[in-house]
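Paired with chain B in one complex and with chain C in the other, chain A is shared by the two complexes that follow.
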Partner chain A sequence: MAKYVLKRIGYLVVVFFIVSFLMYSLYNLIPSDPARAQLEEQKKSLKPEVYEQMYQDLRREMGLDDPLLLRYARWIGVAPDVNGEFNGLFEGNLGYSIFFKKNVIECIAEPIQTTIFINIFATILALGITIPLGIFCAVHKGSKFDNGVQVFTIIGYSIPVYIIALVFIFLFAVVWRIFPVSGMKTPGSNYTGLRAVVDQLYYFALPLIVMTFGSLGGMTRYVRASMIDALSMDHIRTARAKGVREKVVIYSHAWRNALLPVITLIISWFLGIFSGSVIIENTFNINGMGSLYIKALNNHDYELALAMQMFYTVVSLIGALITDLSYGLVDPRVRIDK
Partner chain B sequence: MKRVLSFVLVFAMMLSLAACNSGSSTSSTGSQQSSSTDTPVENQIIFGNTTELSGDLGNAWWTNNAADMDIRSLIDDYDVIVTDQEGAFVENKTVCGGIESTENEDGTKTFTVKINEGLKYNNGDPITAADYVAYALIGYSPAAKAAGAKNDAGAAQVVGGTAYMNGEADTITGIRLVDEYTYSITISADYLPYYFDVVYASLKPISLKMYASADLTVKDDGKGVYLDGGELKKEEIDASRWIYEDRISAGPYSLVEFDQASLQATLEINPNYAGNFEGQKPSVEKIIYTKAVQETMMDNLKTGGVDMLTALTDGSEINAALDLEAAGGFHTVKYDRNGYGVLSFQCDFGPTQFQSVRHAVAYLLDRNEFANQFCQGYGSVVNGPYGVAMWMYQESKEELSEKLNPYSYSVDKAIEELEADGWVYDKDGNDYKEGIRYKKVTAEEAGDYEHNVTLDDGTILMPLIIEWASSENNSVSELLSVMLANGEQTAEAGMQINMHTMSFDDLLNYRYRDASQGDQYGVPTYGMYNLATDWTAQYDVSYNFTMDPELVAAGYNTQYTQDEQLDQLSMDMVYGVESGDDAAYLEKWVAFVERWNEYLPEIPLYSNVYHDVMNDKIQNLECNALWDFAHAVVYATVG
Partner chain C sequence: MANKKEKHSFLSRLFGNRNKIMDSMIEEQVQSPGRMMLSNFLHNKLGMTGLIVFLCIFLFVLIGPYFFPLDLGYSDNTQSNVPPTNNMMTLPDGLKNNVKAIAPGTTFGVGCDNDGNVYIWGYTKITDVIDLANIPDEVKEAHIVDVAAGYDHVTALDDEGNLYVWGNTRLGQDMVPSELKPSRLSGPKNIVQIEAGYQFSGALDDQGNVYFWGNGNMADLDVKKDYQGHVKKFAISTYNYCLLLDDGSVVYGGLQASNAFTNIPANLSSGVVDIAASGDTMAAVSEDGTITVWGNSTHGETNVPQTESKPVDIYGGRYHYTALMENGDVISWGDNTHGQASVPDSVNNGEISTVFAGFYQNYAVTTDGDVKTWGLKGHALGTDDLGRDILTRIVNGGKTTMTVGAISVIIAIFIGVLLGGIAGYFGGKADMLIMRIAEIVGGLPFLPFALLLSAIIGTRVSVEMRMYLIMVVLGVLSWTGICRLIRAQILAEREKEFVVAAKAMGVREITIVFKHILPNVLSILLVEATLNFATCMLTESSLSYLGFGIAPPTPTWGNMLTGANNSVVIQQYWWRWVFPASIFGICTICINLMGDAIRDAVDPKSSER
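Coming up: the complex of A and B.
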């Protein structure tokens, strides 16, 4: 087991370097000039010769005239920067945001908390509904309820979450005025304690409902299909013939087998809590990772965007490892120590 | 169905409750919170801006986010020179007891500024001339530069400023602390004479406590000002940008809270504020500054999530605002944008190097209809490089209306101009009958333009094909494509316009001819670009029309104009007029606009009519393109 894990971690490191180099190269292929962008505003107020000197100094300072490989090595932290210091990813420096004019790690700190915060509960809520619903539909396959859920989920699956959000805002916020249109707290409030909690609850409820609603269709249908396959297996018929209670047949015999294809999806959902929903966060004015990523791209803040993508790369690689390991735990037929 | 919905709602609420409980510590607010719960006051405005606050309050030395700038304007307003409602620079009489200027023998100019006594920061600390001087000593310091502050321009204008910034001197020799309430500032001869030179005299007070933990004081031993009592640290200067709790400031409002999680700022009246340049003090007790999402902001306004939205430009949003006004409870204020969308030429190669071609393009586009369609009825058209709110335009509009060519839509005039300039051949050098027009050009005019045709006898023919660079996802480009590039009138005039869509970065590289980004950019490729521009109160276009090859190569003249008159007028307008001589400035400005209109380096396409919409409880809040919410709110009332 340990040997297998070590081997996989070794692969991850190699993949990480390949992906990081490819991504760094891609961002550097974008024909932009960050030095020019930084100084453009001062151009009018400076004598041309002063501006030119500043521009050249800044290019040198940013290492823009150095070869790509050297810049990559500096960014990753295996080569010294223009000041002779090692100050890259490996040293904990995720970069500097040219838009926010502060370190990337400081830009990410607040949004990632918000994103994790909202995603954890959206994920639990969605799984809490879809898994029982999928199982129930599979057990009652062909019933009116099952048919109704099938129609409902296919509609939910087909409608973009952006549309769902706008429809829900119109219904819940404008027509019925149950929830606010957007935001994270009552403007100007400085509530503390329980009242602050209730206030936040009030503002996060609608985006949570939209996120949950948007994810119901896919997972419900996936669980249902997987469960139907499991329920049609011979050992289920045998268990029933032996007189095993139906609940035990469903949850112990069938669900354990149905879980195998579903587990990949569940793990990826949990890993997805780090990545913000671009649409939900922007629509509901939530300061999260999705919203930050769009801001980074729109403002050509490539160092910030690159750092965020590298973070997701690491999360994905770790997620792939966890998924593989979990197979061995769930399915005794899978051996991961070879 | 109802039961299912109820179940989902209740479940969501329960989990949210749990979530909020566990995550309440993630909310980072700048202000100390009382344990009690406060009810929002009535006398307040919730201002919604589509631009999100970043929270950087660092004196615009680092970033220029428009929302952050609003907050800075609300909390700091004691600059010596400010702009008035018409965008003109005026002395801030509330803080300034007078400015005297002296022209020195070495060509430098010294402004001596008297600060009024009795001014205070929001925490009650007195403001003296030393606080004004501290702005330069902090902002131009090597530590600030190391922290990423961009004040090189300001430092370069002051005698001794650059030496101080580069760490070559501990004092700024050009700034003197004359007495407790007087400072002087000497401007380098390189930047004089300059019409806006009084702006150089303007500093604003900053409290040293915000920028250094050491007990620093401003001193002057007769050779210039310096900081005594310790050293500035770049970490502390950088950290000053993000101080929200007990932030020391001197404006109509004080920052009470900046919520970093929701990016929302709350401000309350500063009781120590002495008034703006007209002595006006605010009466709206509280301002909450928050982001409004474009897609839902009208719903947010309608449901009370925000009280006001500003600078609406989209026709559907304006119509929604007007609907709200008609329904009652809201009202709108409209004003013209101080800028425009523009079709900009490069005037040194290909067909667009010829004035006749630029004129023909202008005649071939029905700009009134374009503005009407693009702005959905809420736009206007100007005929020169100005906005209609500018005082220069207001004082000369009758003269300009006589002097400027409006280039009204006319295919005949376009053809007339082209024929008069020699665009009368076909690709074989015969008389033009149909298709694309050609013109016989010299080798110098021909350059390396890719579409040129050389006949057997060596005659070079240039076709009337314009390569047009447009950025992606640009609705202006889409309309231009329909109304100009693919318009029947364009083909009828014998002109072909090829649209090339690219990223904005790519477009800028071509416009700047920035070969450092790739060899392809160094070659003149596109003769026409659609862009947008906005004017500031400091109307200075010097160097924009320079003919100095080095400056052109450095990207100063991105239209590559080849006109000595434009170059001269644009320089004379600001560097050939003494400050305060408004008549001389206006005369040169009109001459510049007239020449610009004739040379036509760009065609103004549309200028938006902005609409502000607000709850009826807000009264007397009248913004314009040069007088934003942060300044106008001082006159507003709620009730």
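Coming up: the complex of A and C.
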């Protein structure tokens, strides 16, 4: 197992460097000149020659004339910058946001908490509903309930999440007025302690419901399909023939086998929901990573966008790692194969 | 059995009665796998419903643009946020055969009958609280003889010379000048003409004096003193007015030194019989029947058609003119977006006594009192905030959305099949490399990455290039699924006997992969392509919804929903999101239903599940 884990981690590290290099070069395609931007204010008060001299000095100081690979290595933090210090991603320097006028790490401190909170919450909610529902439908395959759920789930995964959001806002916030339309807390309120938590949950309720609802369709279908596959295996018949109780057959014999594809799905879906929350956060005006990312892109704040892009990449890589590891945990055969 | 073979036409094979009961042996022999799949698919009710509905939507967006051509630069502030209506030209029963005056407004019409009653029809809501349909009680009691409709207010005149204004009166639209009010000294004023423009109104008394009141910030409301007492008629454009004086000349009455109207053509210094104004132009008819148009002509208002008969009266809409001829015929010219310049034949068959034209509507009253109408009836699915017709945008947006989806899928299939085929058949290092690339691309967070690509490259290219860019981005990011599937299928197929046989025959390897093995995985590819099509459409619309996909004004089903996420739009302008959202939802549901049905048809095992 240890060898397997190490191998996977090694592979992912390589992928991380490839992807991050790709991203970095992509962002370098943008025609921007931080040195010129920094000198812009002084341009008028300086003589052209002096200005040019300062500009060139600054470029050298910033290391803008160095080859792409070296700049990348500096940015990621494995090569010393012009001053001979290691000051990159690995050292915790994510860059400087020109839009918010502060360090990127300060910009994302709060949004990242919000995003992780709503995503994990939505995941737990969705899993709590889809797994029992999927198993029930698989066991009662072909029943009226199952057919109804099938149609419902097709609708669920066909409709884009922002349309679901619009419909839910219309129903819950406009017609019935149960939840607020958007935002993160009651405007002007200054609640503390439990009151603040309750207030925030009240504002997060609708986005969470929409996120959960949006992922019900695909998840339920997947759980159902893999459960049906597992139930049609020979060992299930054997178990039943031996007189094992139906509950044990379903939850122990079949479900363990259905778990493997389900885990793949859960992880990939968890990642999907992270990018999907870009839409939710924008629709509901939640100050999370998604809306910050859009803000950064819209305002050409590319250092911030690059850092956030790296966040999404790292999340997806960690997701891939967890998938691999849980394969190993759930299915002993994987460990031997590799 | 072979001698009992019946001949079938292609149609009967596809749709013919196949209720003949066959035992399983015969069935196995008769049906080829392809036919089996087809019959499986045809018997799947959900799948067939999906197919039929999808085909309907597909034809709708394919043919629709020819009937609802899209003008990308079009916007119209008088038609913004109008709900689905078709009664903008529907006269109330009380007004039929009893018309005294009609004034067409932006999205409504107002009229009065010979008994002095006022009627209002069409979409009359100006804001949440202001509704033109709430006719004031004093107006209901008065005997109204003339009405005028502005952008958001209505002016009415009763038989005692009183003026009434209702609707939006926040900018002084109801500040009727004291000179126009009946006074004890001079008795009631005899007002002969009233008109209304953008937040202002004007009235002419029988002494030849003209008065204007309302919002003077935009409009030129002052009158030069020299003209007072000589005015025969006046015409109001959006912000300005012109006067026809009693000596037959046309003058610009306001105090503005120069604008589009002050430069009046020289031939209008005498002999003018009638004047009218559209939104940005003025027109005058001379005694000899020539029509002269001046001002800012943007919609072909100056293209006066040649006619045999002499025009005697002229009426102006927002971007069109209608003229009544000496022989009772009617002609219209100018903007024809809403059909306001296409006079129906029935109008010219009857004897027309007068015409009321305004904004986008024309009402022609025949000598026996009947009213013929042509122009804008309403918007079937409403309009958006820029006054663009939702139906037109849905039709044309659907075309864009589907094109983008289809081309991205084709790109994805091309890359996926090529790489998947190579990886699956050749294995070894090629397989290793390709699958690692697929893993990396598949591992990229899709939506953020697409957003990034669109933001970085998309801002520097033209709108059209950006559309192609989105297609390529979607295609390049979504081939991994197909690649993996094809590889797995080919891995299974390449061990089969026919491949060994082909190899033994000396067939080239590349031919084996793409000619011998690929047809076997075609059905699965079809399933994947169908489902991918829906996914690509969804992704494109999500990108457009966030503002990083196809940029407005090019419509797509996604960017029509941009900005719909605030409570005002959701609640009050529901038609702006309900229609695009539902047709898009139905479309993707149908594609997915179809994909599922094809999968069930292709994979016989699945029906046992």
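Please note the rule applied: the second predicted complex is superposed on the first by the 279 of 338 C-alpha atoms of A that agree within 3 Å, B and C clash if a C-alpha of one lies under 4 Å from a C-alpha of the other, contacts with A are read in each partner's own complex, and residues count from 1 in each chain.
FYI, a contact is a pair of C-beta atoms (placed from the backbone, for glycine too) under 8 Å apart; a residue touches a chain by one contact, two chains touch by 3 or more.
Only a predicted model underlies this, so the values are computations on that prediction, with no experimental measurement involved.
In the superposition on chain A, A:Ile30 contacts both chain B and chain C. Looking at the shared chain after the overlay, A:Asn282 reaches both chain B and chain C. By the touch criterion stated above, A:Lys101 is placed in contact with chain B alone, chain C being left untouched.
In the superposed three-chain model, the partner touching more residues of chain A is B, compared with the other of chain B and chain C.
In the superposition on chain A, no contact is made by A:Ala241 with either chain B or chain C.
In the superposition on chain A, contact of A:Ala2 is made with neither chain B nor chain C. After overlaying the two complexes on the shared chain, residue contacts for A:Val181 are found with chain B and with chain C alike. When the shared chain is aligned, chain C comes close enough to touch A:Leu317, but chain B does not. Contacts of A:Phe117 after superposition: chain B is touched, whereas chain C is not reached. Judged by the touch definition given at the top, the superposed model places A:Leu166 against both chain B and chain C.
Touching of chain A by both chain B and chain C, each in its own complex, is seen for residues 30, 166, 169-170, 173-174, 181-182, 282-284. Note for the complex: chain A touches chain C at residues 15, 18-19, 23, 26-27, 29-30, 141, 151, 154-155, 157-163, 165-167, 169-170, 173-174, 181-182, 228, 232, 271-272, 274-276, 278-279, 282-284, 293-294, 297-298, 305, 308-309, 312-313, 315-317, 320. For chain B in complex with chain A, the touching residues are 8-9, 11-13, 15-21, 23-24, 26-29, 31, 33-38, 40, 44, 46, 52, 54, 56, 62-64, 148, 150, 152-154, 156-157, 190-191, 238, 256-257, 259-264, 266, 286, 288, 290-293, 295-296, 299-300, 302-303, 305-306, 503, 505-506, 508-509, 512, 514, 516-518, 521, 540, 542-543, 550-551, 554-556.
Residues 30-33, 36, 38-39, 41-48, 50-52, 54-55, 65, 99-102, 110, 113-114, 117-118, 120-121, 124-125, 128-129, 166, 169-170, 173-174, 177, 180-193, 195-198, 200-201, 204-205, 208-209, 212-213, 282-285, 287, 295, 300 of chain A touch chain B in their complex.
Put simply, chain C touches chain A in their complex at residues 46, 439-440, 443-449, 451-453, 455-457, 534, 538, 541-542, 545-548, 558, 561, 564-567, 570-571, 574, 577, 581, 584-585, 588-589, 591-593, 596, 609.
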